[in-house]
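Report on the structure given below.
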């Protein structure tokens, strides 16, 4: 219990620092802008040089706007009135009609809250189970020699990307098996299934990351008198944070986004967000209520975006595939 | 605080194809500061790691404080090690870095641990850094923390693996003095690995020279400097390096004449000298070694004067190094106020008592003279 | 979490409004019952049933149009309730409806409504509904102007269910249920297709997808739509006063749309079901299909046409239902032959090729027929 | 000391813990075992079952569960390899994989370079935005893209083309006004014939798949390439500048080689995902028009669910899995991806 | 081959908050070898990078070969640079690494390029490595390739940024000689940055000393060694460092007496000396500087003898360094044959002509005596 509180406190602490860092940017930007202006005024920086920077930045923003068009489109759709994403009145709905009804509907009238709970259960199982097997696995593969090590690594690499299509391919087989074992319509089992699928890729990913942690830290700890577990807890885990963050993001996505298997295995009372979202898209045999669908989808994507946003620096350094350059 | 005994220690890698350390015997007294020096790949680190318990010896015995620790796991040996790249835990503050060892290897309570860390930090002059993370520190500060981390544990044995090689020259000098002062104060036995012979000489009570995994010589620094037991040691210790010339021996009227192949070089040993070393001087070809600082200008004196062209004059402030064309890389050290320029021709000489003669094949020193102090031990 | 124990359940894939009505009715039904019946709204129900029923994990009953009946018989997914029903189907339901729930002498469900597609017009743009297709084309022509977002018609143009009315207009049939033969190569059928091509496809949005088709009428930018009862609410919510009319007549023929009979299916799950469950399901099916409130609510709120004899001819179920009844009377029930399963996809693809003008009607139908026959074997 | 400090550190990192040699096997095995067991129990079992199914005559799901199936050996495979639809599927799947991969690499590389460029201000925030597609549910995204590619005149892409058309016309009109003595009319070939039915032509539909696939997968590319680019020592660029290389040559000689391996790694992973792409063709037009763009998994899914040919579908899926396996194996081999495996 | 002129060069970072180089003026003759030395962060690299065109100066002018290149892009300046960590293209073979610059900056055809690369490789003794990739090379080999890559282009100007700091001591000595030999042979103007003053002194025709972005002194190595213009230079150049003692000045009968605060130290300047330097000696507090090798044992001679305790005796082979308790870190260098042990008390002295006096506040040297050779230029 205390450990949980401690972890929570830690997480909150880290989050607030991050948030602070992320939020402090307007002030920093303002200061930089002021100093830049000062430099240009005093001739320490040429206007031409500044213009090049401005042009590159504007160019990058333009590319971004183009790329993000679909996002903007659905965002506009989620605010608009009526049921269609498609409209003969123009690509974007009339901004004067924008409202938050769809969000209100999603949050208070739809199955969103209960599905959210289901999703969280699944994701919790997926993340905690895969973390608890991926981290030790990656550590062992990175640092210990044992029989079959290379075979396991090889197998893992081969299976890194088979998961997605495999679940469609083996859907029926899976379903039959699950039903026969009485495991269908069970959120915990579903979470476990996702965790299983996430193991090869994430173990391998984390292993490559751990390969780059100098072994001398561990040696230092051993000489300091730390036991095997103490070395792992006090040295390896903290040092693997970026790698673990990446794995966390990927396993979270694995549990959060998947819907084909979920839909087959679950019944409505256990529907997760992704299934509920799909159900919304196909509710009735013909029509899609686009406003609500868009609002639902945006809320669905929010946690992922937030997690990534806060873990960005970790993810970017955790994905560096050390040992792969050259 | 402990004696250390190493007996016929051997370490092979890659199923025996690489012999990193070969039949090493060492005895280190309680409180002694031993430096281990040798070229890259000679097995220094391997030796140290075996002492620490990070590497299992292929054969041989290690005793620390009269206890056989050959099969004791690293975490149960009471040694502290300072790594070349410091290996400070990057995620822990300086305080936590220093406290970690205490927490793991002692059962002191938190306040006691804190007291010891704070005390050590004061001693190391890093008190203000206790809350910082390693990457906020400069190289010198990291080095201090790494030392502090080792010291705070008050171990039986200190091991240092080239701890200063990442620092710049000035900082290195300062840290060198600091380590010596500390070891002196604490009196803990220490083994200090370096590839810098200057460092090894200035720091060690005793210096151990390895090459190719084998012990070459051990002894007090001046001892080793003055009486290298073989050509390797002679060349390795001292900067600039000892000058070597291959010579043949002729019996002449007033003693023995040493000459190099093309005859530029000729030096006659006095009869008295020849007689004194008669037993040793049995062959007709040797490598003669003479240190740059023992080469002096032959001011008009014709006896044993060698004429040499000056290729380069290297001023190092206090002295000038003259690169002479007597042999490949033949250097003479002269005071900086001697006015010689490159291109000049000068006449040099040296005292016969300063020369070393090495067996051309085995490299072994054959004279072994002027050994007034304790004899240097060959392996 | 994963408890299977939700009591007895039925499955449906209703839209929100229909589902709400169902819940209301269920509440009434469950009153005083020990074994309550719960409704599950299943996304992608067809695929789900496909796996759940054979796994023994399916519901006792679910709601769908009658066209799966033959397949369910073949695959032994259905439960023959002829011996278990206390209702006399023939005396309660219309003949078409009774036919619809029976296959080779087995009764696989109870019918509760029928539905079809009909003409809808926007009174802001059209004063009087057209009687004939020609009149309709004139009006559409006036309004049609895609580059300004104006269209003549909202009508999923290649969905066989939607376009069957005109495909069948000259007597052709997609599938001759009596002989078991494919009809899409018949001249009458091709003629119907050409009618569709020449008169209606000109005026619909260029994208056959359902959502795109709905847009013009929904936005008030098209005078007509042809659609079923499920869409009426959506149009009206969007602010278009969709008014119903029978499908316009065709010169030299008559539109004959497929009609669907909505059925509470009995599934194979009932075979192993315990007695209470079994009873609940049977009770529900009989109650739902004969209860006046249910029938009237469905008709008034969702335009579902009663198939119960007492209400089928009724005049006070509202204008919408009356219009649908008129159209249903022009129509023909969808065949429930299991072989139909293999017809729709190739046919739809062929229609799409014609719609895209990448193939001529006759060729396209010939190719489709060939493919279908290939699959039948 | 013959190597630099960094090299030493990383080569040390590659080393296994030496002091574990005494009780070697057990501890390591103990740590990996749970993962391996979990993985095998959930993944290998279904695959084995699938392989079994593919050698039976199962038709619909009922026959599988009811056990009314007979073992028919490799009949399904024989049928499969003589089915022209299979070969169409197979071909288009590889083509899809190749084309989308090339575009993904170009887009990913371009974006990554832009978003690490020294002159772009606020690039960290842009990088956070640019990966949004990764977090959105695929069904949703694909449905939205289906809408974008609507063949209707009012579909977003058609609207865009309409805007382009009118811009061209306006321009021509302006020229016309300026040079009143020549009558300029817009050349036909400059104008697009509207509306374009994106999904009803084989290749336009194919390009629509590719576009969507690229949009879905570029974030992964971008974050991996960004990571790689950040590891390129600035000094290499400096060295090249001093050597007289301009921007283009630096890109070719410094940037590309440095990101080659990470890009290859990301390529292999996303290519394997592309190979298994199901939702895009399925939602866009069910692999149409006329099954011409039916990617393998769609083909299998359709055979199973729509046509009730489970055994046949299983044969398709097994073939697909076999090819992914083969592909990964080759990639791992050729791409030295197993370096992590072999060298460690 | 070109002259280089740098005029009031200034570089700011972080929108003006960091001044890396401040008003730097330099003139480098054609073919000259200039070493730039200074502590870490003093702006050496920044200066070099501005010369290379990799960094745009905030203000100031750079001329190479009489052409103003301030706004010329790096790729269009004909300079070659050797980076600290070599910066060899890891995916190119040695041959390709060397050829790349030729391919980019000249229009020689392939065979001509090959000829030049092969020629240079021979000169650098790396012919057998041409087909290897950089990570198959040892540090010294990499270093040679990096040099070869620069040399093969025959540029106007060589820039070296601490090229030897990753090598071990022995290799460093060898490479040092090699670089000097090559530059001598090719006669290409070179700017060589290092933080090792020993390296700077032995290699440079002229040595430039920077601190905090500002030029401290420039001049011939011996010049700078003998006549540091301020305390920083005095302390920075020379190893072991110059000894400093803060002293007060009293007028005594026979001259000026210099005394430190606690009176341990007392040294009297002769009247003659005081008169000669009368103009400069205006204040009553100075920092006195004396180099370790100028401190000698006062063999019985009572005049200006200072009594000192020996803290540590550091043997470096050729000499011993005595750490004395006269001031903080006061070192005397004595021959290794002088028999002194730590704990001894000895009497030392030095010649008044060897002392340096620095202004306690500004640090400027105030005597400027014994400047026989060309005067060192202060900024």
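In order of appearance the chains are A, B, C, D and E, and numbering begins at 1 in each one.
Here is the rule we use: contacts are C-beta pairs under 8 Å (C-beta built on N, C-alpha and C of every residue); 3 or more make two chains touch, one makes a residue touch a chain.
Which chain is which protein? Per UniProt: A, D = ABC-type transport system permease protein (Probable substrate sugar); B, E = ABC-type D-xylose/L-arabinose transporter.
Just so we're clear, the structure is a prediction, and the values are computed from it rather than from any experiment.
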### Task
Could you tell me which chains are in contact with chain C and with chain D alike?
A
### Query
Measuring centre to centre with C-alpha atoms, which chain is farthest from chain B?
C
### Task
Name the two chains that are joined by the greatest number of C-beta pairs in contact.
A-D
### Task
Determine the chain that sits nearest the middle of the structure, using the mean of its CA atoms as its centre.
A
### Message
Just the number, please: Cα centre separation of chain B and chain D in whole Å.
### Response
59
### Summary
Cα centroid separation, chain A vs chain B, in Å, comes to 55
### Summary
Rounded to the nearest Å, the gap separating the Cα centres of chain A and chain D is 18
### Message
Using mean CA coordinates as chain centres, what's the gap between chain A and chain C in Å?
### Response
41
### Message
Could you pull out the residues of chain E that touch at least 2 other chains?
### Response
90-91, 135, 168
### chain C: positions in contact with at least two other chains
47, 51, 55-56, 149, 205, 211-212, 215
### Task
Could you tell me which residues belong to chain A and also touch two or more other chains?
85-88, 90, 172, 176, 214, 216, 222, 278, 288, 325-326
## Note on the structure
Residue set of chain A touching chain C in the complex reads 82-90, 121, 171-172, 175-176, 179-180, 182, 184-189, 263-264, 267-270, 275, 278-279, 282-288, 290
### Query
Inside the complex, what are the residues of chain E that reach chain A?
12, 15-17, 56, 58-59, 90-91, 135
### Query
Across the complex, what residues on chain A touch chain D?
25, 29, 52-53, 56-57, 59-61, 63-64, 67-68, 70-71, 73-74, 85-88, 90-91, 129, 132-134, 136-137, 139-150, 152-154, 157-166, 168-170, 172-174, 176-177, 192-193, 195-197, 199-201, 203-204, 207-208, 211-216, 218, 222, 228, 253, 257, 259, 274, 277-278, 281, 288, 293, 297, 300-301, 304-305, 308-309, 312, 315-317, 319-326
### Message
For the complex, give me every residue of chain C touching chain D.
### Response
47, 50-51, 53-56, 75-77, 146-147, 149, 205-209, 211-212, 215, 341-342, 345, 349, 352-353, 355-356, 358, 375
### Complex contacts: residues of chain A adjacent to chain B
214, 216-217, 219-227, 230, 234-235, 238-239, 241
